[in-house]
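Single-structure report; data block below.
To keep things simple, chains are lettered A, B, C and D as they appear, and every chain counts its residues starting from 1.
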């Protein structure tokens, strides 16, 4: 394979693998920027994937065709947001430890969804959906030499949605009053409170947005990658998204870069076995490469990532 | 490969060394049978499901009640194999099935501790420390290499770019049988064909499956066979993706007829054919034997082409006439013992040099 | 009091879920209870399940106490498992040397896996949470590779360890009607003592806790903050490594190629949190976890209730324990208004 | 008489404590009204009630003649009440402008109109002489500047009733003067101010009236011109207070600590301490005076081993201890009461008992062969709590639960008890009430009289003048002068601290 062929293989695959991570990590960004740690991203993705598949199956059954998949993704956004209330109520209103609450959410998500799958279908996993999101060439753009085949041919619409949302989130977080308030609540909730901002309300919004985005992330994974749902559909992607969030220093563009980096490394680890230069490298090195590279990057040039200051602490009026 | 008696699913497939067993026939009314699945569960579109179908058919045939007389337990991780098996044994279930070679150790332990238990395992031969089969375990294996040979023949004939691929789940003796049988089949009809092989190192990662298939197709392979469980579903995803963009690519399924998995558009399918493995038949037969007091403990039952227990799927829409004929021809030759299908890498090397 | 109420609430909601989905909660829970207590076999299995959970819980709790969040227990369990099994296979030694050595090597492997994130945190201020997540994957793939490349026997696993390195005990097994109970529970008990003693009775423990709470004050008081961070991760990792050794030397006697994470490490997070990061709490929490997991099998088998119900119940219990603030608040209200 | 604010019979409880018990406070239009009370008397609580952060259990609030319910800070803002909090309420990572407009952002097409905002900020800051850079990040500006931002926040919202909660505790004398000028100007503009401070001198110089509270109860309101500091102090603590520190003349003996040609870099790599020389003798208290940021902190950090020395030497009793690790420094005989008690002085989550052995936990009798001996630790703790009058329910109480003054006493107990030859006290009385200050000063003199050398670093000239025997003035990393405490005065020190030369007139601004 020549280099162009390899790139044409690896880059679309990287973008494809990164999309669910990007979406989920953006969700985490809202939550953590508001001061609520979200270890529960994994569970929220599970719920999103579950909703994505179950709704698609149901609507397909009613003959809606590809529309079912899109409706299912919207449903996943809504259900994800609702499910995240569990984390919000626990960690904001009940002042639970945010990490504990996130861990509980992960357990609950897997238990509940698989339980429901058994209840609905009498078995541990769903059928495959028929109306997946498949790859398409972007008209015109895919004909541009070099860039075209790399970025616009054989691509998933969902990847473009993820990238577009990144830009939207960037704008919202850094240029709107909402973003400023969200960040202030995560940095210094008491200060925000004295400025008349309702801290807990902002945090609820942050956590619910994380549920919405992670739900979408899970659904995108389900309808592009796995095609069905079981207890093992989402295994660790949520944690990778969390890593992308930290790696990306809680900045949407950083998150995008980190997720693409993970996607690239993952794509290389699979494709590498068939690239002449890499074929003789034991596959384990390719498999662990994304993780090792991340660590090296963090230790080397990325350096210290500074979390929102008030993260992890419930806000109690008047305490210091 | 061992010699077999006349084919037919109604008959005992194995008669080599029918060890005389003490136990009496229990009779359908008191007979209980249970199986333990691995993580996949009874709807994994693969051999857990197939086993369960065999058991259901058996139960319905003999008027047993589901849930009490025949039932299954699903393991949610490997640590649960042994407790699940033991649960059934402790309830004095007459025959306890362990589905999959990963249950070997759990079954061995229990069999040695509870000598009166009657156990059976699929896809493995459980031996004691000396290497002799244990007397209260029935070992059910398949000649997957023979079935894989036949789909290999089909692939060898229908490839247009002279390049085909194989995706394995986790590398090991079992999946090697699929790989080598397949490669031998391809080479038998198309000695020039190039075969790309990659293992996904996982049976439940369709994502990897898809990316591996993507790479193989991109390199010019037009037919890919998988023996990778759920990982293989990624192959179908990728093949459909390409077929929808009017590429001429095919996938070959495994274990069951995977025509449906390859469906897209209106009624087309990217599934060229599938290598079926009739675990259900085996489960049915052994359960019946046991009920009749003829538990094949200590035996190694090897199901192959003769028993129609491996072979090519009934859906043949996408196969060329030429390929179908060739498959029949080679099937006869294997059954006749004219071709000995390689299982391991060494056997494959030998086979190649004999071509 | 709060944990008891939490357990009660979790179980109560579990019953509601069963009712809503058409199962009989009484049948379900009695099968569950029988599956934990009804005979020696179940008790043996429960204790066996608890053993690694206690140790992984201690690993998480220890790190927590020193201000670190070790999500990497899972990976440390895996390397500890592999290393102890390797020692069990590769050497022929008298049991009195072989067994302790195998456990120790498991601990060292886990420690090494904890050392990396510890060092990176101390030297470069890299967030230990991501590094430990990454180290989990590295452990998983590397262990699988090593098994496949060097230790594989048919059955997707390593050879069985030599009896001289085994924790398995025919005596315990026959006592408990052939459960897989092994001597690992003694190791776990020792682990609890070690954790308690180290943290609360030694001057090193004082330092570790001080650094966990306030690095500036610790530096001011002449403690070596960096070294203490690394040490804490090493100790936490060794607990995790020993947890892995319990599986390798006790429950299985070998290591399989893992298709995914073992779950022991992640359960350890929940166990530690449920046990309020104390040694005693961890024991109780592991009992709850282990018991429910083992009982769930019987619940599936006898009452047909999917084992996932137990995951739901466990999640709810963690949730209620975490929300102790609100439980206390409600309790106060009841106390004030009632009576 | 019309009041802009009347807080009548306010009662506010916290679990187990009545922070405000039937307090009444009335603010006239255009006055500066002092609110005085010991630590924990309930001043901040009362103001937080006024600002809508807390809801009172009882009592009423009348603003400009109308009874109001101030349910949250938004309501307070609408009523024109603004508050500058004791602990700054600023988001470090935000710019000055962002902090000011937060919650009240000018918008353009959905996004923040940052240009317009910055311009508005600039306008207000010019109008009131509160110079700030609208685009600077809070974390990069000085404390005094931060305070201006706090004031601008309230002005931006159009507040005409301003609450200042201990605004001067963290300021340098220059900054305090500036603040006083600003306050005077604000009242001239018709605004009314409530000022909380522990510094009676400030009350005397700017305030019109003063309300005193003690242990949550209102003691009374007095006209400042009819009172004096002694009377105020007595009202506040309920007994007579002695301000002057009683001490015999110092009897300095041998040099204990000697610093030669010391160069120390700060976090940015600039020479914060520049070729500094200083000798300190046993039996004397040296006051280290200087405007904040002239290298005092770095000097202390270098002596205690917390910061690397570039060149030069530090020796203790003739022994070179340059660049020793903190532990060896401590063991060599240096005690250190750190500037920031929460950051450096205490592990707040440890018990006060455990904190008492923070420097000695590894030594006998508190531990032997690495094993802690808790009975010994708590014996020692009880002894120190007794000796130093640390007010705590028990030695097992978490340090976090103690008031600032008592936390500080705990630290002093720990450091003094080790009998160090050389004791560093950095801002030991910051934020404490007069009662606590008095006891700490007495303790420092006692240590001196035992023959120790004490280095007292403080930003408060009063404290320096009262407690020290000799005063070293630090300016831009150097000691520019050493003067005898009884032969100088505030004015001279202020000049020296601003970089003026000794005894040379006319160089000050």
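As a working rule, a residue touches a chain if its C-beta (ideal position, glycine included) is under 8 Å from a C-beta of that chain, and two chains touch if they have at least 3 such contacts.
For reference, the UniProt names are A, C = ABC transporter permease; D = ABC transporter ATP-binding protein.
In this text the structure is predicted, and so the values were computed from the model without any measurement.
Chain centres computed from CA atoms place D at the largest separation from chain C.
Just count the C-beta contacts per chain pair and the biggest one is A-C.
As a whole-number value, the distance joining the C-alpha centres of chain B and chain C reads 36 Å. Separating the centre of chain B from that of chain D, both taken as means of CA atoms, is a distance of 78 Å. If you average the CA atoms of chain A and of chain D, the two centres end up 46 Å from each other.
The residues of chain D never reach two or more other chains; the list is empty. In chain C, the residues that touch at least two other chains are 141, 144, 260.
With touch defined as above, residues shared between interfaces to two or more other chains in chain B number as follows: 39, 74, 76, 201, 204. By the contact rule set out at the top, the touching chain pairs are A-B, A-C, A-D, B-C, C-D. Those residues of chain D that touch chain C in the shared complex are 304-306, 325-330, 336, 338, 343-350, 354, 358-359, 361-362, 366-367, 370-372. For chain B in complex with chain C, the residues that touch the partner chain are 39, 67, 73-74, 76-80, 82-84, 86-88, 90-91, 101-102, 104-105, 110, 113-114, 124, 170-173, 201-204.
For chain D in complex with chain A, the touching residues are 48, 51, 53-54, 72-74, 77, 83, 85, 87-94, 98-99, 102-105, 107, 110-112, 153.
On the chain C side of its complex with chain B, the touching residues are 41, 45, 49, 141, 144, 148, 152, 154-157, 173, 177-178, 180, 247, 251-252, 254, 256-257, 259-260, 262-263, 294, 297-298, 300-301, 304, 307. Those residues of chain A lying in contact with chain B across their complex are 1, 5, 8-9, 13, 17, 121, 123-125, 128, 130, 132, 134-137, 154, 225-228, 230-232, 267, 270-271, 273-274, 283, 287.
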